[in-house]
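Please go over the structures that come below.
Both complexes shown next keep chain A, but they swap its partner, so chain B is in the first and chain C is in the second.
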Partner chain A sequence: MKRYLLRRLARGLLILIGVSICSFVLADLARGDFFAEARLNSRISKETIAALREQYGLDRPILWRYAHWLASVFHGDWGFSLSYNMPVGPLLWARMQNTLLLTVSAMLLTWIAAIPLGVWIASTGARVNRLLSWSAVAMLMATPDLLVVLVLELIATHSGLLPLGGMISLEYSQMNVWDRVQDLARHLALPVTALVLSSAPAVVTHTVSAMRETLDSAFIRAANANGLRRGRLLFFHALPAAANPLISLFSLSLGALLSSSLIVESALGWPGLGRLMLEATLQRDGYVVIGVVMLSAAFLVCGTLIGDMLLYWADPRIRRE
Partner chain B sequence: MDYYVDSKEPRSAIRNLSFSISPGEIVGVLGESGSGKSTLALALLGLLPGNARIRAGSVLFRGQDLLRLSHDDFRPYRGAVISLVFQEPAMALNPVMRAGDQISEVIRAHRHCSRTHRRELAQEALRGARLSTAPEIYSAYPHELSGGQQQRVMIAQALVCKPALLIADEPTSALDVTTQAEVLAYLKDSTTRLKAAILMITHDPTTLAGLADRVLVLHEGELVEYGSFANVSERPAHGYTRSVFSSIPKPPVTAIAHREEQSDVLIARRISKKYSGKRWLGKRDVQAVSDVSLTLRAGSTTGLVGESGCGKSTLARCLAAIERPDAGEVWVDGFDLFRLPSHELRERRRAVQLIFQNTAAALNPWLTLEEIVAEPLAISGLPLRQRRDQARALMEELGLPVSRSTHRPTELSGGQRQRLALARALAARPKILVLDEALSGLDLPVQAQITKLLKNLQESRALAYLLITHDLRTAGQISDNIAVMQTGKIVEYRSARELFSEPQHEQTRSLLNAIRSL
Partner chain C sequence: MSRRLIPIVWLALLHIAVIGADFFAPYDYTQQNRSMPFAPPTRIHLIDPVSGLLARPFVCESTPVTYVEDCSRRFPIRFFQRRLFGVEEPAVIYLMGSDDFGRDQFSRFLHGGRVSLFAGLLACGISLGIGLLFGAAAGFYRGRLDDFIMGAVELSLALPWLYLLLAARAILPLNTDPSSAFLLIVALVGIVGWARPARLIRGAVLSAREREYVLVARGLGASDAHLLRRHLLPQLGGLLATQASLLIPRYILAEVTLSFLGLGVNEPAASWGNMLAILQRYHVLASYGWMFFPALLLIPTFLSYLALTTAYAPRNQVNHIGALPL
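Here is the complex of A and B:
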């Protein structure tokens, strides 16, 4: 078990190195750099631009820059952001916390709501219930995320109960701890709802199909014949047996924790990684882009590893191999 | 108890059936697949699927009509008063739950007691099931248990709340003959101890012999015969009952002498095959087949008999060159299959064709019957039309409805599917057919028909058969020679008649005892 884990971690590290090389080469292949736009500006002389490029090492060969970047990774700097004029590491760290606050709470809510709903839809005998809930889920699934955000904003504007964007109020720094938490929660409500509404349908449909198949199996019929109570049967006998596809889905969404909120962040002005990535790409702030790519890759590697561990824990048949 | 069940569309499964059963009594329900016997079991527990309706009738249990109870009011009866043992224990146990916990869950559903007390009761139930290593079984997952152990866990689960009635739906048909006898004995024993009644549902009358007090014979949803087992078996009144009892295999049958001069078509020498199973702690190697030699003659049948897990299927796969043995040679037509280059091996191994037990899984459900049979002909380079004609001719020879040649295999009955698998195998023009439990799982009259068909085919085509089975009765019926296998080795290999009259090895004797006690 320990050896397996170590092997997986080593493989994850290799993947990350590969990703970093690929993103360096791709960033290098793209034309222009952070100072490309300054060249169009007639008031900035060519010499100034050349001096600036030399100062930040942009004129050096790619291997030198890669080695330099690797060294800065070990210092926790992760390169230097030209548009923010600060090391990438601390910048990413702060933004990542904001994004994770949003996506982790959305993910928790999604799973807490979607699993019981899926189990209920799969097990309900009444055709009307099934039809209604099923069409609601299908409709949500077909709605573009942006539309969901817009509708939520509309509701928020008309009710006036919730702030429309941003993460904190202007007076945040003067508030005591309890008020701060409340303020944060009020700002979280809108983007979290949008994320839950956009990600829950997939979880519900997966739960329904996995549960339907399991409820059809002989061992559930046997459990029924043994007179087990319905709730116990559904959640302690059928759900664990139906867990495999759900765990795979869970590990996928773990891997997407940093990228799933891109649209919502941009639309609602949440100061997270998604917006940072978008801005940095447009401004050709190379090291920031590479940093975000690396972080996303790291999450994906960890997500699949956690997913595999969960599968191992949940299914004794896998444990044998 | 008065009883009458009817499921509405598309046909009625059971019509106008009445019977009663009293404490301590064992009543057998005999019928072929589709006769409504499993519907009966589910109806008694109020567990009919949603598309079934009970049109009329009642199930009286201690004066209470169970059919009038709602699903929730019925719940306390299930598993505690009336319990059910399913046919396939491997499917009926939850794969992700420990065996002991599955028993403890039943106690939890019906009684208020602490977790530790439940655990003790479950352990006790497992010990009662004569599972000698009860603590280990308790914490084992179903896939870690053998078929016999799984079925004992199921029975322990059904008996743990001391029910008044136990319904056993084909409780032994998925098990070896030797295990079958043990499980049946245990079932009878424990019910006499609990003074419970058993309703024993089966397609095989031999499992009822010496066990059932009375027998109900179901045919197409109707009760066609009812009486004591002795009466029904000795003086069957209905046509179906007669055909069931007359098709019980009665070994040994005539050994045929005139085939002595036939040539050897397959010679296997010193075959060995090892599987290495990786575990978390260290490796565990399994020697599936060790040092086995075997000769198959044209026009004769060799039976290969052994309990499940003795390596007989592995040996079959080696002989058909599906699997490469670690050591040994397989000579077919003067060629050692495993020394041939791969393209020649592909050509030569067509001489050996395999027929499996589970025909539903061995036939591609997306192809039509005709396409399935014509597929092996594709290699012959014949034009499509001729291939189709040949396929139809084969289907006709094997008694398959040619008019339905564009239908799919899922629409066929078990016996017809086995005929189709035979037609497909014959299309490759084999010299040897390996029949891996090809007759088990079929209703007895169907078994008898297929056996007859196999004999005819053997005579007209001089085929060599290797009949693999766990049941000496089946083997004895058509085999000239029988090899008995135990833990990868052949322990006895003689003519069928000698083997039955004077068994030498202990394993042969125990297999013979198992079928005699049934």
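Here is the complex of A and C:
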């Protein structure tokens, strides 16, 4: 196990190095840099721009910049953001917390809601129930997340119950702790709902197909014949046996924690990593783009690693190999 | 049978309407009517208000800004006069309402479909093409080549898809004319998504090349090219079809998302994404419900692709349909 884990870790590290090289080369290929717009401004002289570029090291060769960036990663700086005029590291850190607050709560809700629903759909005998719930799930699956966000926004506008965008109210700094929590929760409601609605169908369908397979198997029929209670049978006997594909899916959504919320964030004004990425892309703030890509790639790699470990722990068949 | 027929019919109709947009759309998609911004969908009257009987379909003139119907003069809908249908000025026929410049949303929807639907199709072709090339090569030749290609696959799968798309978009010029923006997006989306099909195709080739008839053919001295062409690639048809019906809607959505965020096809060209972008303004979102039409019509389209995937995928493959996070 230990050797396997070490090998996987080394592989993950290698992938991340590869990702960093790729994103550096990509960023280098980009036409125009952060000062492209300043160059159009006649009041800023060419010499000033050249001096600025030199100051930030933009005129150096790519290898020098890469080495420099690597060193700054170890210092926790992750390069320098030109549009925010500060090191990228602290910026990423703050934005990552916001995104994680959003995506982790959405993920918890999704799994808490979707698994029982999937188990119920798989086990229900009534054809009507199955058909109705199934078409609802298919419908949601076919609804683009963009539309989900927009419709939720529409509902919020008309009801006026929930704030439409942002993460905190203007008066946030003057509130006491309890009010702050409430304020945050009110702002969270809309984006979290959007994320849950767009990610739950996949979990439900996976649960259903895994459970159907398991419920057909002999040991479940035997347990049923022995008179086990239904709830116990479904959740303690069938669900663990059907867990493998769910664990794989779980590790995928764990890995996508930083990258799944881009559309929701940008449409609802949540100050997270996705929006930072979008703005940095438009402003050609190279190191921020690289930082976000690195961070979310690291999450994806860790997600698969954790998923493999969970599978190892959950399935004795894999352990033996 | 209808489970397969309905989606195919819907997709066929949509594609025909989109290809023939110049004929089916009542207006030019750039034609502005500045006096009628955000006009609601035009009501089509079928009943004669005086006699109460069925009449030839007609529309009424409506006042600018307030959009109150004035039915003192009737404007019958004329069919097959250069375009499929239309009405005489000063009346207008906006089936899906109009946008902020008073452009017909229906005409823009049809023309935008050209961009969005074909972006999906072409990008899927690129992805599957690259995937086929590298996947089949890796699975067939094994060895170093396999290691190298699978390393690249792992690397690209470690990158979040949408972020990679954005980062790659950052490299390319933002202010381009619509047709080159379209080609850029198609190429980007297609290339970024190569890894997953490549891995699946490699797996399929890998298992197919160990089959007995392939071994026999090889033993009888068949060349690599012959083996690939006659025995291995024909096995991949089903896999490619299911992958295509999975990838196309994702890629359509990718174009819609990019254009929605302002990184895709720009005005004045229409795409479903940039038609929806106007909903980012709160007053539009809250007051002009008909601006949602392009997004709403995506649902039956995606449902059709979903139905095709589930209808044609082998049972064990259906498992993985939802497992593709953006």
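Criterion: the second predicted complex is superposed on the first by the 321 of 321 C-alpha atoms of A that agree within 3 Å, B and C clash if a C-alpha of one lies under 4 Å from a C-alpha of the other, contacts with A are read in each partner's own complex, and residues count from 1 in each chain.
To be clear about the criterion, a residue touches a chain if its C-beta (ideal position, glycine included) is under 8 Å from a C-beta of that chain, and two chains touch if they have at least 3 such contacts.
None of the values given here were measured: they were computed from a predicted structure.
Colleague: Taking chain A as the common reference, can chain B and chain C both be placed on it without clashing, or not? Answer clash or fit.
Modeller: fit
Colleague: Considering only touches as defined above, state whether A:H158 meets chain B (first), chain C (second), both or neither.
Modeller: second
Colleague: Please work out whether A:V292 is in contact with chain B alone, chain C alone, both, or neither, and reply first, second, both or neither.
Modeller: second
Colleague: Would you check which partner chain A:A314 touches, where first means chain B only, second means chain C only, and both and neither mean what they say?
Modeller: So A:A314 only meets chain B here.
Colleague: If you stack the two complexes on chain A, which partner ends up touching A:A218: first (chain B), second (chain C), both, or neither?
Modeller: So A:A218 only meets chain B here.
Colleague: Regarding the shared-chain residue A:H75, is it in contact with chain B (first), chain C (second), both, or neither?
Modeller: neither
Colleague: So in the superposed three-chain picture, is A:P144 touching just chain B, just chain C, both, or none of them (first/second/both/neither)?
Modeller: A:P144: touches chain C, not chain B.
Colleague: Could you let me know whether more residues of chain A are touched by chain B or by chain C?
Modeller: The partner making contact with more of chain A's residues is C.
Colleague: With both complexes placed on chain A, how many Å separate the closest C-alpha atoms of chain B and chain C?
Modeller: Checking C-alpha atoms only, chain B sits 5 Å from chain C at its nearest point.
Colleague: Kindly list the residues of chain A that each of chain B and chain C touches, one partner per complex.
Modeller: Touching chain B in the first complex and chain C in the second, no residue of chain A appears in both lists.
Colleague: Touching residues of chain B toward chain A in the complex: what are they?
Modeller: Answer in residue numbers: 45, 47, 50, 72, 75-80, 83-84, 86, 88, 91-97, 105-106, 108-110, 141, 143-144, 154, 157-158, 278-280.
Colleague: Given the complex with chain B, which residues does chain A contribute to the contact?
Modeller: 1, 125, 217-219, 221-230, 232, 236-237, 240-241, 243, 314-317, 319-321
Colleague: Considering only the defined contacts, which chain A positions touch chain C in the complex?
Modeller: 15-16, 18-19, 22-23, 26-27, 29-32, 138-139, 141-144, 146-147, 150-151, 153-154, 157-158, 164, 201-203, 205-206, 209-210, 245, 248-249, 252-253, 255-256, 258-260, 262-263, 266-267, 277-278, 281-282, 284, 289, 292-293, 296-297, 300-301
Colleague: What residues of chain C sit close enough to touch chain A in their complex?
Modeller: Interface residues on chain C, with respect to chain A: 154-155, 157-164, 166-174, 249, 253, 256-257, 260-263, 276, 279-280, 282, 285-286, 289, 292, 295-296, 298-300, 302-303, 306, 318-319, 321-323, 325-326.
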